[in-house]
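First chain A sits with chain B, and in the next complex the same chain sits with chain C.
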Partner chain A sequence: MNFSLTAFQWPPFMTGLISMAVVLAFGLLAVRRVTAGVPSGMQSLMETMVETFQDLVGQMAPPALAPDLTLLSLTLFLLLVVANLIGLLPLPGIGTRWLHSPTAFLSIPAGLAVAMFILIQWAGIKYKGFGGWVYGWVMKPFPVVGLVVNALEQLVMPVSLAFRLFGNILAGELVLRMTTHAPQGIAGVLTVIGVGTLWLVFSLVISMIQALIFTILTVAYMSIQASSEH
Partner chain B sequence: MSSTSLTLGNMVFAVVQWAILLILLRIWVYKPLLAAMGQRRENVAKQIRDADALRDEADRIRQEAQKLIAEARDEAKQIIAQAQREAGEQGKRIVTQAQREASYRQKAALEEIAHEQEVAVAAIRGQVADVVVAATRKLLARNLTGNDQQQFVQEILQDVGQLQ
Partner chain C sequence: MSAFRSGWKRAAGMSGGLLLLLALAGAVTGSARASGLAAGMVLGIVDLVGLGLRLPLWAKLNQRAATMSMNLRFLSRLALVGVYFYALRRFTQVNVFWTLAGLFVPHALYLVGAVWQQRGKGVNG
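What follows is the complex of A and B.
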């Protein structure tokens, strides 16, 4: 693992833009003929997702934070689902080249995790006040010693968010590509069809679950920060 | 560069694409969608309210109608009772009047009969008196024998019989 201030990786940028475009297209399709009456299938699907996230966030977040956090987390979830799934699409005609998920590059989940970390601290400052937020960092659960505990806890949080997502998606893609390098002959065909298909289905599920986990954990951390009991 | 490399540009890009997507979705998708959902919720609430109001109104009208029917029934009963009472009274009045008229006519007829009788008796009396006078005159004019006397009485009696 190396860090670079100047370098830029183009594959996750391109697939990131595609993910954005797909989510945006899905959203626009959902509200193409938006109506308060009987909704179309797409509108219905989008409404269901909005309602699901409203419920989900409503159970955790303080009421004043819930509406904003709902849209924020739903957007994050949609973007991550598409980004995670993109890596499972083979590109026919380009030989062994596959599209890579943007989330299979550490920079993307790490960037998002840092943003989430900042948002989480912002929620803490907003709901406990700056003094309360500092007090929570330094004095809980024990005076001064709490700073060490909290620093560990708070810093581990974005790191675990980033690596969990990155690891799952990268592993999914690597194993799927490995199945295409099976030996020639009947055994190879069986490997590709059997193991490959099974792994593809597994990866599809993992992609969606990881997107949800990243989103839900962010909401949970923000809600915990925003509540004064912590 | 590998997928485990951390590049600042890509980290910033990740956040920026998420922020841009959030802004665009918020303007183009969430706003109209949430507005539609709120509108639908309002519509449903309004329809429920309207239905409640209509049901209350229907209840009120039904109670009113039942009251009206009950009143109409009472009124009908009263009208029938009154009609029966009036019919009975009128019947009695007619019978009484008929009886009174009948007795009046009977009395008038009896009076008329009595009057006619008197007239007839008076007439008979007058004629009997004439016959008696005539008979007396004849009696005085003749000297009567036993047979003659017999015959004479027979003639008088015949005269009287013709008078009847």
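What follows is the complex of A and C.
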């Protein structure tokens, strides 16, 4: 498999679509037969998640940005959780030996990071106005020199977002396949059961943490961009 | 924060001991896997110690400065890992897939230690 950015590939595109379909189905199931009375299990789960993200975003984002950002961050988090976990399933992929996470291919995290970068800039323009956004880019913290500092800070954002997610998920998958690959003899079987299981648990935690980190960093960047000090 | 400080130091110490054992095993048996795992753990320990020292400082910075510091550190770490893996492939016979696994061993030990410390406690400690 080619995990780099070099060419369009079907496997991450397909698993990306599957991840989106799972999140969409979860959302539709949660709001089906929605009631103001005693909520069903799915409605209760969705309400808990929305409230959790409202609290999380509310602590970081300006009040005007918080409602929009809550929904964006929850959707992004759910998509990334499903996308990261899909590669841990012991299933054959479409055209590949194993089902890979779409986020284990650099093109998908890079695409997401570029989309988030555009949204971050949009937050700056919307909440400071176009003039304020340009002023923040060029004049803060020092006139003109600020442009260099800000360009470095802003351009590092999508790069670090993309590579952090890609590196962690790809490494997790590779090590999982390595530790559970065709065990030979009793030592091999014990490695799969011991190390493989331990690594699977570690990968589950890492998948969740990386989804949360991507989401929280996006919220933090948008909040910083929308604040008047920047 | 004090639990984090003691946690990363304990994990780094345990990783250091394990690293010595694996390096010795690799040298004695000539196992490319043991050497690869040990080589990865070197970088993992460096990362864990760096995080342990910097996280308390980042917690004191404002949001913008903290995220910028994290990003720049991440990019420098990415370059370091790239050069390290290139050197391993170019100049040694170690199994780089096991090096990749070794990178995460100190972090996994920290996680196991943190879970162990939390056993019997509620979510608020």
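For this structure, a couple of remarks:
Definition applied: the second predicted complex is superposed on the first by the 216 of 230 C-alpha atoms of A that agree within 3 Å, B and C clash if a C-alpha of one lies under 4 Å from a C-alpha of the other, contacts with A are read in each partner's own complex, and residues count from 1 in each chain.
Simple rule for what comes next: contacts are C-beta pairs under 8 Å (C-beta built on N, C-alpha and C of every residue); 3 or more make two chains touch, one makes a residue touch a chain.
All values derive from a computational prediction rather than experimental measurement.
On the superposed chain A, the two partners chain B and chain C both fit, without a clash.
With both structures placed on the common chain, the touch criterion links A:218 to neither chain B nor chain C. Looking at the shared chain after the overlay, A:163 reaches chain C, while chain B stays out of its contact range. By the touch criterion defined above, A:178 reaches chain C but does not reach chain B. Of the two partner chains placed around the shared chain by superposition, neither chain B nor chain C is touched by A:73.
In the superposed pair of complexes, A:24 makes contact with chain B only, with no contact to chain C.
When the two structures are aligned on the shared chain, A:210 is found in touch with neither chain B nor chain C. Which of chain B and chain C touches more residues of chain A is settled by the count: it is B.
After the superposition on chain A, the angle chain B-chain A-chain C between C-alpha centres rounds to 110°, nearest 10. Contacts of A:84 after superposition on the shared chain: neither chain B nor chain C is touched. Superposing the two structures on chain A brings chain B to within 13 Å of chain C, judged by their nearest Cα atoms. On the chain A side of its complex with chain C, the touching residues are 60, 153, 156-157, 159-160, 163-164, 167, 171, 174-175, 178-179, 198-199, 202, 205, 217, 220-221, 223-224, 230. Residue ranges of chain B in contact with chain A, taken from their complex: 1, 3-15, 17-18, 20-22, 24-26, 28-30, 32-37, 39-40, 43. Of all residues in chain C, those touching chain A in their complex are 63-64, 67-68, 70-72, 74-75, 78, 97-98, 100-101, 103-104, 108, 111. For chain A in complex with chain B, the residues that touch the partner chain are 1-9, 12-13, 16-17, 19-20, 23-24, 27-28, 30-31, 34-37, 39, 43, 46-47, 50-51, 71-72, 74-76, 78-79, 100, 102, 104-112, 114-115, 170.
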